[in-house]
Amino acid sequence: MATVKVCNLTKKFGNKIAVDHLSFKVSDGEFFCILGPPGAGKTTILRMIAGLEKPDEGEIYIDEQLVNDVLPADRDIAMTFQSLALYPQWTVYDNIAFPLRLRKYPADEIDKKVKEVASLLKITHLLNRTPVLASGGEKQRIAVARALVRSPKVLLLDEPLSNIDALLRLEMRGELKRLQTELKQTIIYATPDQLEAMSMADRIAVMNAGKLQQIGTPDEVYNKPANKFVASYIGSPTINFIDCTLTEKNGHIILDAGEFTLDLTNFESVLGKELYGQEMLMGIRPENVQVSKERAKNAIEGKVVLVEPLGRMTVTHIVINNILLQAICPEDFRAEYGSKVWVKFDMSRLHLFDKNTEKAII
Amino acid sequence: MQNKPVSWYKRPEKFALLLIIPLQIIMNLVGLFPLIAEIYVSFTDWSPTSGEWYLARFIGLENYYRVFFRDRLFWEAIGRTLFLTVICVFTEFLLGLGLALLFTDNFFGKRFFTSAILLPMMVVPAATGYMFFMMFQKDGPVNAILSLITGQSIKVDWFVHGDTAMFTIYLADVWQWTPFMFLLMLSGLLALPQDPINAAKVLGASRLQVFRHVILPMMKPLIAIALLLRGIEAFKMFDAAYIMTHGGPGTATQTVSMYMLEIGFRAWRLGYVAAEALLIVLAMLLFAWFIVRPIFLKR
Amino acid sequence: MELSKGEKLELEELTKYFGNFCAVDHLTLTVQPGEFLCLLGPSGCGKTTTLNMIAGLLEPTYGRILIGGRDVTYLPPKERKVGLVFQSYAVFTHMTVYENLAFGLKIRKLTKEEIDKKVKQVAHILQLEDVLHVKGGNLNLDQTQRTALGRALIIEPAFFLLDEPLSNLDPALRAVMRVKLKQLQKELSQTVVYVTHDQLEAMSMADRIAVMNAGKLQQIGTPDEVYNKPANKFVANFIGSPTMNFIDCSLAEKNGHIILDAGDFTLDVTRFGEILKKETCGPEVIMGIRPEHIQVSREPVKNAIKGKVALVEPLGTETILTMRVGGKEIKTLLLGTYRASIGEELYLIPNMDRLHIIDKKTEKVVV
Amino acid sequence: MDLRTQKKIVTVLRYAILIPVTVILLFPIYWMFTTSLKPPEEWTPTPTNPRIIPTRITLDNYVFLFAPFGVMETFAQFRETIHMPLANSLILSGSATVLALIIGTCAAYAMSRYKAGGEFAPFQLLMFRMFPPIAIIVPIMILYSALKWLDTAHGMIVFYTVVNMPFVIWLMKSFFDDIPKDIDEAAMLDGCSPPQVFFKVILPLVKPGIAVTFLFIFIMCWSDFLGALVLTYRYWFTLPIALSKYQGLFGYLYGPMAATGVIAAVPCMVIGIIIQKYLVRGFTFGAVKR
């Protein structure tokens, strides 16, 4: 078990900056997720920690030791690849035993360890087969078993669930999390899937275009997104954004979206005078939009364009002139295409972003 | 962990170097050094019968001057080779593509027909030469079969006339290399994405329209590579043709390779041939760099 | 130009064998003009084969296909006028958007002016005017998709066949395109057969859903019907995410009450007595309940099932709790963020109105 | 037109084209094979009988080539055995192929994984293969006459190794490129040093590729004509040269000549059919895979 620390890590490929002055620290036994869309630099970070890629700048510490110049074989790190990279010419047993054999473990100890990890991952029945014929989920387990067998200091997982179908993914998600809790293994997990990150991670680092956007617990990144990117990337259905400006009228702070206005006087403490007249982006999650078929006080009129009955809830798409909103309604909510509805926002869950810097204000 | 000494050959860069050094040695020994010698020799009148190459008389640019202004046979051979190359490759391409189109879906005997069509390209070219030499003899099977079909006694002496001799060379090349084009075109056709083809069908296109508007444009890059590779190979044309005609009658079927063999290794004017070889290498280098490389690297 | 309205599509006993393998098995269904029908099923269930037969790319082994009442079973694709959009979009990469759109018309030998007029009109509807002269290979996903749609729309098809058209898009764009596609279909009142393996997509867009598995039609109905009244275990399992909890149980009668015995807990299902008696073949049944239909309480409640928290997955909008009850695992889905620690004891309250009982032998949903 | 009628027409057309084409393509090979089995009186067709099907089959033509007595005594003064060229072909092709494969495989791995030799190294090799062989032989002739390597085994082996090196590199590189780099990296993280990655993990994985390359290079060496024509004269000439030499000596003895042709052609045809799937890859330097 170990800690990992990276400072000012930077990597360029030609002119493209893949990772830009990144710093973070993963503590012992933590499940740390790196979340971001394709091209955010997630894989590059893992590869640099593993030693497969040389950083252009910055330092990597494993257990407080600088490892920039240590060969990958000597870092005592395990990694699973997106392509899994199992050795197709060997049996599953030999695949898992390979790292131990290279380290010259005695045969009986290898045997014991391989069987132990195989039963932990429920692949004992596969040991004498080649991995080529295994199913997607099984291959995934074999790759994890091979990584875990020598109890590495840090386990790096690169989008391990991206190649398996949705149902199995849900199951594997739970299993991986349970495994980690049991073994107290330090894990750095890269994924583009916010649901995976939210459900498994102790902390999430949200990345975009090589830059760190926010680090925090799942609760923090969901409820207190640091900027527009984080707010839009996390949560499904995605958060609604509405262009608006901040103004003052008769001592009230008013958010003007053109089609409607909201009174933000309650947020006086964070909304300094210098923000008045500025262009803003209001963010509200679909579950914080209440929809009613009856006209109500302070409610905004809109038109239904699509009702998505998802079973456990209904996602309703509403237009207010040219603003498109998604709202989560109770599961039995139904409305005709084009019918009128009235919308209210949960003001305590409102987010406000500066339109230029995209940083969160509220 | 970090201060453990690492054996030098385990460093990736060093290991890579170790792997590639044998190649460098052998390619430079047999490639680079002789090239330098050749450049020198091309400025002399060296002939192995007259002594060692470094003792030969230095004659400056005379060899090059002769190539350009005094050697009609050389340029005729070039023209002839280019002509053969163009018509052979063109025929092979049309036949190969046509045949490949018949193999895009499954039918009874597909494996047999594929293997049968591929067989000619696996015959050693020298053997092909002898095969066609036998077939086109005056008393050979081709004349016999033609007689049988036409009912008249046909006794064409194929190798005695320049035109008919050229024709047999053309036939031999087409026979041997159409299978290669077929194989290339077939692998191209099989690798095509099926969706655009089906899309065109559903939009109402007939088979011919699908071929013209969808398949052909999608095959373009592969066709370019196929024509290039085959063209380069055809320009080297030697083995079969040499066995069939030895360049004759006279010089009527002499290709560039045959001509250079004649001058260099029968008349032993190696200094002069060195100059010719260098010119061809130079032409090929330019061709490779500006035409082949862009097409090849696109893949 | 008045764009044509959609026509009716009927499949009668449509069957396709590949060798001995039956890909589509006696499929009969009718798509009404202007209807949005989803063909939903896992990969390999025969939906793509069905689609290829409708488009005329595959010959059926048996059965009939009727478009607007006309038998087209063995007609070549040209004479069917089907608007097919592929999963890969299959836009001709070597042609510009304009040429792509014009392709179907050029084939039909329309004059240059007619083609130009129609292309401009369709380009306007699909907002492709700006990219008309861009090569198909240089478009972004969204434009590619619209080009594929336009190319199909321009030949005034009898109906549309869409083969997983959204599966290549990222989730955010997918949500937007779902809305746009549905809007377009409503405005042009086109008949659409939409093939997908994504139950969420089917639920959100379809007027009716036809669920297929292993070449056979499992159920056809509105999204509400397939969600609330699944016909069999396959449909119950395939629709809804996270999937329905299935627990092996046996039925027993005690003191006039019918008891559903799962070993670790029992439920009183006397209220379903009549149906149960009539429809089940034996006491062996499977209890099915969706995670969203189980409430959780920290205090003991009557009829509640005691369990231990095995896993908490906070997803932001909702939280999935995996509970361990004896040797079984039951998933529950709670709206919002629910905090619980692993090992904590909680009480599960199933919503008895939403409980399903499935016969173990036939896998039919009884309740 | 009905889908089913269309299908029938296509089927009929397909066979109407394929059958004659196949017959024409196979005829020269058929003729050589049958001639090698015909007695002298059937070697040439007559105006009335094209002699497409031999009436009597004999192995005399082969015996004539291998054993210098007993058969076809009328032609005794032309007799040349083919023991030597056959052995030469086997020795030279075999050794050159092994040597080229050892050097080329290592270098191809270095190029595939480490971009060793720079980005253009593989392409330079390809260009080398583009020149007409005669242009390459001239400088080699200069070198060999200086080294006294003409008409020697080692000279020919080195020559074949060098001229076929581009094929080895491009083919093997394409096989290495087919293996995801992730496998190398996984092995490194599992604790392999770079040499261990190559020898323990990757090399066993490309075994089929090595086999294909071996066979392909073998037929390339075996088929060579021009190289042996210029660089050998007395001791180390190969089968194709024998074919040409004997053509001058007993060119119109079609039977024995056809037998020589068969002996030269058969190994390549057998190997060619075995590696059919990979021929495209070989001839296009790995650019077109199938």
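The first chain written gets the first letter, and so on, giving A, B, C and D; residue counts start at 1 in each chain.
Throughout what follows, a residue touches a chain if its C-beta (ideal position, glycine included) is under 8 Å from a C-beta of that chain, and two chains touch if they have at least 3 such contacts.
Everything quoted here is computed from the prediction, not taken from an experiment.
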{"item": "Target chain D, source chain B, minimum contact steps", "value": "1"}
{"item": "Dominant interface by contact count, named by its two chains", "value": "B-D"}
{"item": "Gap in Å, rounded to a whole number, between the CA centres of chain C and chain A", "value": "27"}
{"item": "Rounded Å distance between chain A and chain D, as computed from the means of their C-alpha atoms", "value": "56"}
{"item": "In chain D, residues with contacts to at least two other chains", "value": "193"}
{"item": "Junction residues of chain B, two or more chains touched", "value": "6, 10"}
{"item": "Set of chain C residues in contact with two or more other chains", "value": "56, 76"}
{"item": "Chain B - residues contacting chain C, complex", "value": "193, 195-196, 198-206, 209, 213-214, 217-218, 220"}
{"item": "Sites on chain C touched by chain A in the complex", "value": "170-172, 175, 178-179, 182-183, 186, 200, 203-205, 223-224, 227, 239-243, 290-292, 310-311, 313-318, 320, 322, 333, 335-337, 342"}
{"item": "Chain A partner contacts - residues on chain D that touch it in the complex", "value": "180, 182-183, 185-193, 196, 201, 204-205"}
{"item": "Chain C to chain B touching residues, read off their complex", "value": "52, 55-57, 76-78, 80-82, 84, 86-95, 103-104, 107-108, 148, 151-152, 155"}
{"item": "Contact set on chain D toward chain C in their complex", "value": "1-4, 6-7"}
